[in-house]
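Residue numbering begins at 1 within each chain, and the chains themselves are lettered A, B and C in the order written.
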Amino acid sequence: MDHFPTNWGRPKYDGFDTNATYPFHDHGHNQSAAFAGATQHTQQPIVTGTSVLAIKYKDGIMMAADNLASYGSLARFKGVQRLHPIGDYTVVGASGDMSDFQYLQHVLDGLVISEEINAQDGHTLGPAEIHEYLSQVMYSRRSKMNPLWNSLLVGGVKDGQRFLAYVDLLGVTYFASTLATGYGAYIAQPLLRKAVEGRENTLTEPEARGILEEALRVLFYRDARSINQYQIATITANGVDISGSLKLETAWGFAEGIRGYGSQTQ
Amino acid sequence: MFRNTYDSDNTVFSPQGRLHQVEYALEAVKQGSAAVGLRSNTHAILLALKRSSGELASYQQKMFRIDDHVGIAIAGLTSDARVLSNFMRQQAMGSKMVFNRPIPVNRLVSAIADKAQVNTQEYGRRPYGVGFLVIGLDHTGPHLYEFSPSGTSFEYFAVSIGARSQSAKTYLEKHFESFADCSLEDLIRHGLHALRETLQQDKELTTNNTSIGILGLSGVHESAGTSVNFRILEGPPIEPYLQSMQPKEVPPPSSASVPPPTSGDEDVQMSE
Amino acid sequence: MPDMSAIVNPQQRQFNPYAENGGTILAIAGADFTVIAGDTRQSEGYSIQTRYAPKVFHLTDRAVLAVNGFAADGNMFVKKVKQRLEWYRHAHAKDMPLRAIARLIQTMLYAQRFFPYYVYNILGGIEEDGTGAVYSFDPVGSYEREACRAAGAAQSLVQPFLDNQIYFKNQTPAQGSSHPAHLPLPDVLSIVIDSFTSATERHIEVGDGLEMYIVLAKGRTLPDAVTTLRPQELPSSAGDGERVFVLKRDLKKD
């Protein structure tokens, strides 16, 4: 082992994550020249957040993300909020590079100040406008070959309309009634689709919360870059509410009965 | 035409605290043919009188489409209007590109007002020689604004600009309380009556010299679908609206339609 | 002895600004109509990102554009084309003719020759002479007018089928008869639907939904066989010009 934490191991198989939203494990070997260039463009994320999940339900949008920001395989920051409210109707949830996300928060907060606080004319930004703006920012940065290394979910309710959409470091966008970024796209998304599709207009808030908690639990069991502390945001006609840090209830008793790993032989 | 010490530069105040170049720009608006704007709870409309330089010449353009939800009528220098309307179109498209949202009308009007203000303060520039009536539709309903070269903008129930626009204003002020619940046809009829007030003695409104701009659901005389988008009616399609006009009341002698003399012209003599 | 090859040949992984988002598009021109269609699945790798992301866009009363490839480039490209058409409307107070839109698209694509829009475009509609037309493009702007074209993930499945059904390749007409120059609209729609159900069956990136746009020449009406499918008519700017209809179908979601 060396003293470069990003070299401290991650799955060698990188076919599952072609955009490398996880930290890059094998650096080039001429690291001393890494900062020699005049400008540096982000080539890999450093401190990363894992999956964000979101679903539509009867009263609006519910979004969830855990509180971990990893430094390679090191669980570096354990109290990070990855759900950020923008204006009165929108929440943006981020996975990928946390410093890029903090920059985006700064940009979006500035946008709300210039568009809403300064104008004060009743024309406010809803989730659709925030998402379009974010898409333009992400796409223009990728077109400069200097991407903001995130996958983002934008959810909200305005004028009685629910809105839920995705945008990532390439500027790719899409809309669906259940969305999941990162590892969650593989592990949580099938669970969410099964639980939500066709029931978007009948799911109650406790039901929606239960679905997301269950998906987070499965992710915590399977995703090595996750943690059992999380937050849930609800966006309804009444506005945005982001919970405090919550603890996932997990059970490990079954581990006793598992055979076939490590030194256990029977 | 004018004799004055303080009017050669727009950055210099007169001893009375006035900017004469700006006032001359406002005069350019008054020289233009009239435009009238009014709105109901459901519609905003513009009406304008087109001039032609001769029997064999075409009529000048008085209205421009900015976006599906914004249109303008102009009075003054058409070339300045084209520059400003182009700017408005850019702003409107920028809003579509960045937020995928129609630009809020008040912000569009503020943007051109701010642009015009710069020209009243910076050295080496001249004010725009054109005034706009801007109609727009957004989620709060139809709107009508006036923009002037002095860099101001105001929202109105009904207003007019251009030559003899005071006569149209007098008509609008007399009737505006009934506009809110008007049908589109009644609103246009009021607009035509107001516009008629600005005509010279021997002239009348015809399908050639009248433009009508409409925002809001199409009326009974229109063929095109159920669109609320801005459209300009000219030529034969406005015939039914002209037909609907009431004969003009003969004003009693020395009525209020003569504009009151402007006050405070101490250091300017304006000739007609 | 440590492996020195990595030092001799330093490995650099560069940010890849492109993705491939699957799906298939197709257009067929008739004598006085054009059908432009696309599925609505958007995917990356083995993941379905969404089951509804439109790839076919209504541009004017007589032009419809289908875009396939990298979704972010596709959406941006359509947005920019629409803005150019709006400026044309401002300048000329009419819609841009189809062949002019085709040339505009080639110019816009070629302008990005060295950082291309990774998209395959198919433009369909009605020409000024009233005929149905299809223009197909490669990502850097090469284009030609054709009678039909398929593009995207299932191009290799669909295009041979169209060659056979539209161009009558490998078919010999019966003695004393000849192949028709153009097929009627109901036949074309059947071919489009069959193309997509087949592509859905055999290609994992095709499915979920099908959107078919029908552009009808001035003065033409839909045949009864099509009216019964209940297509939705899109609003047009002039009442008496070309007309655009949309037909939506479900495709298998597996």
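Rule of thumb we're sticking to: a contact is a pair of C-beta atoms (placed from the backbone, for glycine too) under 8 Å apart; a residue touches a chain by one contact, two chains touch by 3 or more.
Here the structure is a predicted model, which means the values were calculated and not measured.
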With chains as vertices and touches as edges, which is it: line, ring, star, complete or other?
-> complete
Return the chain whose centre of C-alpha atoms lies at maximal distance from the corresponding centre of chain C.
-> B
With chain centres taken as the means of their Cα atoms, state the distance from chain B to chain C in Å.
-> 44
Chain centres from averaged Cα atoms put chain A and chain C apart, in whole Å, by 33
Whole-Å gap between the CA centroids of chain A and chain B = 51
Numbers and ranges of chain B residues touching at least 2 other chains = 97
What does chain A use to touch chain C in their complex?
-> 18-20, 24, 26, 28-30, 41-44, 135, 139, 142-143, 145, 147, 166, 170-176, 185-186, 189
As the complex stands, chain C meets chain B at residues 79, 83, 86-87, 90, 235-239
Residues of chain C that touch chain A when the two form their complex | 6-7, 10-19, 21, 42, 44-45, 47, 49-53, 70-72, 75-76, 115
Enumerate the contact residues on chain B facing chain C in the complex.
-> 65, 89, 93, 96-97, 223-227
Given the complex, residues on chain A that touch chain B span 119, 121-123, 125, 128-129, 132-133, 136, 159
